[in-house]
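Both complexes shown next keep chain A, but they swap its partner, so chain B is in the first and chain C is in the second.
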Partner chain A sequence: MIRRETLQAWALILPALVLLVAFTHWPAVTTVVDSFYSTPKGSRPPRFVGVDNYAALWDDVVFWKAFWNNLWYALATIPASVILALAMALAVNTALPGRALVRMAYFTPTMLPMIAVANIWLFFFTPDYGLFDHVLSLFGGARHNWLGEPATALPAMMVVAVWKEAGFFMIFYLAALQAMPPDLQEASNLEGGSRWYFFRRVTLPLLMPTTLFVLVNAVINAFRVVDHVVVMTRGGPNNATNLLLYYIYEMGFRFWDTAMAATLTVVLLVMLGALAWLQFGVFGKRVHYR
Partner chain B sequence: MIKRRSLLAAGLALPAVARAQTVQKLSFYYPIAVGGPIPAIIEGYCKEFQAATGIEVTPVYAGNYGETLTKAVTAIKGGQGPQMAVLLAAEMHSLQDMDILVSLDEIGLDAAGKAWMEGFYPAFLANSHAEGKLWSVPFQRSTAVMYYNKAAFAEAGLDPEVFPKTWAQLQAAAAKLTKRDASGRVTRWGVKMAGDTGNAQWTFGALANQAGHVLMNQAGTEAYFNSPKAVEALSYWQGLATVHKASPDGVSNWPQLSPDFLEGNAAIIQHTTGNLTNVRTNAKFPFGVAGLPGRDGPRTVVGGGNLYFFKNATPAERMASLKFARFMSEPARAADWSIKTGYIATRPEAYETKALRDYVAGFPPADVARGFLPVAVGELSTFENQKIYAALTNNVQACLNGTKTAAAAMADTQAEADRILKPYKKA
Partner chain C sequence: MTRTLEIIGAWMLAILWVLPLLYAVWTAFHPSEYATNFSLFAPLTLQNFANAWDAAPFARYFLNTTMLVSLILVAQFLLCTPAAFAFARMNFPGRDIVFGIVLLQLMIMPDVLLVGNYRTMARLGLVDSILAIALPYLGSAFGIFLLRQVFRSVPQELDDAARLEGSSLLGRMWRVYVPLARPTYIAYGLVSVSYHWNNFLWPLVITNSVSTRPLTVGLAVFASTDQGIDWSIITASTLMTSAPLLVAFLLFQRQFVQSFMRAGIK
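Our next item is the complex of A and B:
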């Protein structure tokens, strides 16, 4: 005989369970299954191909290009946006005239939709008469085809991402800093600790839980946010700005190669899973919660 | 149980039957690739159609060509979607491969219908024939043309009324038009052509035809990039920047070309005829429209969108859609569309209408592109079209950025294209 409480418990989690299964677990499972089949085309149904799709991906130069691009993109944007966020939070946490205004200015990029942001930056990066080239030309700078040259296209996308992300992370740091009891600072002053010493030995360790949270978000965003790629470069020139998620979109909805798109998705899922394990399993242990 | 299911099926089938008899509503997706108040114009035509036939057509603006294709196919694969859509003429093979199209022959063309199809410019039907059937109706059609700044021509000592006809002439003119300030910084480029994703293959298609080369077979199962003529076409493009210093290094973006031209930053741009009205409205200097030059003489490529019909529509809906297509191509409407956008009217008879005759007489650039239809070829169109476009675009961009030679870029494109098209090769 099933106990009444058990039934009630199941009934209570049922709505959440249905949503999770329908929109997360079931699609994930079918994605894995699809990655072992060929793409159905009109009259040709999908057939089982084993690991052929994975082998094709291994030989796909565009995939590796997107993979390395995404890695550099993550390695550059994550530390940059987190450090910038911390610096901005420390700056607006002090008694500053017009503090509210500065805080708002730092937070504005977060409130704007990425599509709008990308269009504004598209103008900044325009060769010859765009903002950057215009300002640089006043100092005798040469012409830059920021988004058209492989050497500058990806860094240009990174700048947009950092500009957009930093303000968002700043809010979390600011909240953590505000929650810090002021008597710690007073005690440190009495003991004659320098400001740098206090920051290094007190502020930073106390911010570790926030940093972990921010890092997790930053890692996810480095692989999740590709709106600016769609608007600004569509992965070009010659895949210089192609990122993994954008490549999945291209595979799935431009080439209609659903099997390869599923294979790419599985690879990205495994990568993100490994990263999450690393963050919570390894770094998480070193974070002290109060 | 069985009883309940058949009841259910009957219940579902009923509205379909009712709909099959009298079609009240149709919807179609369309893209916008040029400036101007396109949605208002399209909605106007749909209202006229409703007034004439009682059938309500809902036009849905769905983004650029690529986005419209994605949205239409996604909607159809999801079990619903429009009965028709304006998509790139060159997508015919790919759409057919998805098994979502219905051919005009299948919908049913009577003698009058067949005569009607024969009334289009043949160049605009170049991307409509496959397997002995007709798959689409020309709608917003264009060719690539050159827009040039006459003031800049005069300033550079060139005759503003004579546009270059050969590659050599264009190279020389573009070099002269390129202006540098005291520090050597370019303030005006001679010529700009789009090499960004989504447009590089169109620019290159025109160049290949200019070199006298055809890029694919009619069946769309083979592509020919690894030929000396294709390499020559790409070398010419690259050389405008690297040899003649008359075009910026690297990739120029399509959306940027019109502003560049209107700002005076580029003296010549290669763009679509569909942009004519936009340029006319916004140019603050006298400008000219000319056909594209070629290695030996003018050659161009057609472009733009055709109206496709989808399998998911009921037979009655298909008939109504065809009626709509015929309505849209009536001479007066085709003329009106051409005047308001700059697209080429798809049928010669539109140019017999008073409205278009008067317009062309008062604004001769509007009639330039039509004169180049006899030297125009169809767009690059194969199976797995977008994959082929991507392979070509990546390699063209690598060449323009100086990381590959033209020969290597074409060889790599060929290898990639062969791999992609392998399943379609008939043994």
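Our next item is the complex of A and C:
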């Protein structure tokens, strides 16, 4: 005989759970299954191909390009936005003249859709007319095709991502800083400790849980947000700005190769899982929770 | 001395950070010949906004986005509240396992599962509908997690008192727990609305007509195909689509920042 409370609990959970499983867990499972089948073409149904799709991916130059691009993109944008966020939070946590304005300036890009941000920056990066070339020309600089050159296209995307994200992470650091007891600082002042010493030995360790939270979000965003790629470069020039999720989108909805798109999705999910394990398992152990 | 340098540094960074936005505002409110040409006496104009508004069905896109975010918000509240309540205050076998399954969504996000979800929508005959944009986000692990945390902090005595007065299970949830979690609902609501107002890739994939496209997709379609390179009009349309959220943010800055903090610190 099932208890009444059990039945009630399931009745409360079921509606949300059904939707959650139907659009998260179920597609995740079917994606894994699909990655072992060929793409259906016309009247030809999908057939089991084993690991052929993975082998094809292994030999796919564009996949490796997108893979390394995404890795570099993550390695550049995550530290940059986290360190900037911390600097911003430290700045607006002091008695700064015009503090509210400064804080607003840092945070506002966060409220814009990535699409809007991409449109604005697309304009800045335009050769000749754009803001960058305009400013450079004042100093006698030459014309640059920022988004058209493979060497500068990915860094340009990184700048956009950092600009959009730093302010968002700032508020979490700010919240943590404001929750810190002020007597720690007073004690350090009495003992004549330098500000840098205090920051390194007291502030930074106390901010570790926040840093972990911010890092988790930054990592997820580095692999999840490709809106600016769609609008600004479509992965070009010559795949210089192709990121993994953009390549999934391209495979699935521009080339309509659903089997390869599924295979790519599995790779991305495995990477996200590994990163989560790394962050919570290895890094998380070194975080001192209060 | 170092203090002065720090203040200058903080301000320089702030100026650097708003400069792109100010530049966009400049471009949008001046005739296009002034787009890259700064002159203090350049005439102000709203013509760019008028042209953008006429060039694409933005009114319809606004309506679509409004319907989308309202649908998501209401459904998320109605679905996540009972689930969070059950996870927080009821005992049943398998609770922790099921909760773990729910939390998996924080890692495997619907945003990545474009291909799988597209096929589900095709089978359900929902491709190119607002419901299809919303469906993957309605059962929200984030919402359940957030509300469960607050519900757990509600004093058990309040619950017991309501029980003695003869309140039913749903009655207690509705009259004791939900009112006490109000700040969290506001926080979650703001996060959800701004997330879905700005969401792009999934709506891009699942919609293909004017009557379903949200603003972000409409803006991208407009800026990439219809417009050539009239930056004044593109910038005007860009600001126009971001304006409601931006204005709301500037008016209720404190609530926004506190909400994001509340939603982030678990």
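In the analysis below, the second predicted complex is superposed on the first by the 290 of 290 C-alpha atoms of A that agree within 3 Å, B and C clash if a C-alpha of one lies under 4 Å from a C-alpha of the other, contacts with A are read in each partner's own complex, and residues count from 1 in each chain.
Basically, a contact is a pair of C-beta atoms (placed from the backbone, for glycine too) under 8 Å apart; a residue touches a chain by one contact, two chains touch by 3 or more.
Treat the numbers as computed from the prediction; the structure is a model and nothing was measured.
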Which superposed partner A:279 touches (first chain B, second chain C, both, neither): neither
Which superposed partner A:150 touches (first chain B, second chain C, both, neither): first
First, second, both or neither for A:41, with chain B first and chain C second: first
Touched partner set for A:255, first chain B, second chain C, both or neither: first
Touching partner for A:28 - first (chain B), second (chain C), both, neither: second
Chain B versus chain C as contact partner of A:168, first or second or both or neither: second
If touched residues of chain A are counted for chain B and for chain C, the larger one: C
Shared contact residues on chain A - chain B and chain C: 126, 129, 253
In the complex with chain B, residue positions of chain A that touch it: 41-43, 62, 126-129, 137, 140, 142-143, 145, 147-150, 233-239, 250, 253-257
Sites on chain B touched by chain A in the complex: 66, 70, 73-74, 94, 96-99, 183, 185-187, 195-198, 248-253, 256, 260, 263, 265, 384, 386-387, 390, 393-395, 397-398, 400-401, 403
Interface residues, chain C side, partner chain A - complex: 6-7, 9-11, 13-15, 17-18, 20-21, 23-24, 27, 35-36, 79-80, 82-83, 85-87, 90-93, 95, 98, 101-102, 104-105, 107-120, 135-136, 138-141, 144, 169, 194, 197-198, 200-201, 204-205, 215-216, 219-220, 223-224, 229, 231, 234-235, 238-239, 241-242, 245-246, 249-250, 253, 256-257, 260-261, 264-266
Complex interface listing, chain A residues touching chain C: 3, 5-6, 8-10, 12-13, 15-28, 30-31, 34, 84, 87-88, 91-92, 94, 96-98, 101-109, 111-116, 119-121, 123-124, 126, 129-131, 134, 163, 167-168, 171-172, 174-176, 213, 220, 223-224, 226-227, 230-231, 245, 248-249, 252-253, 258, 261-262, 265, 268-269, 272-273, 276
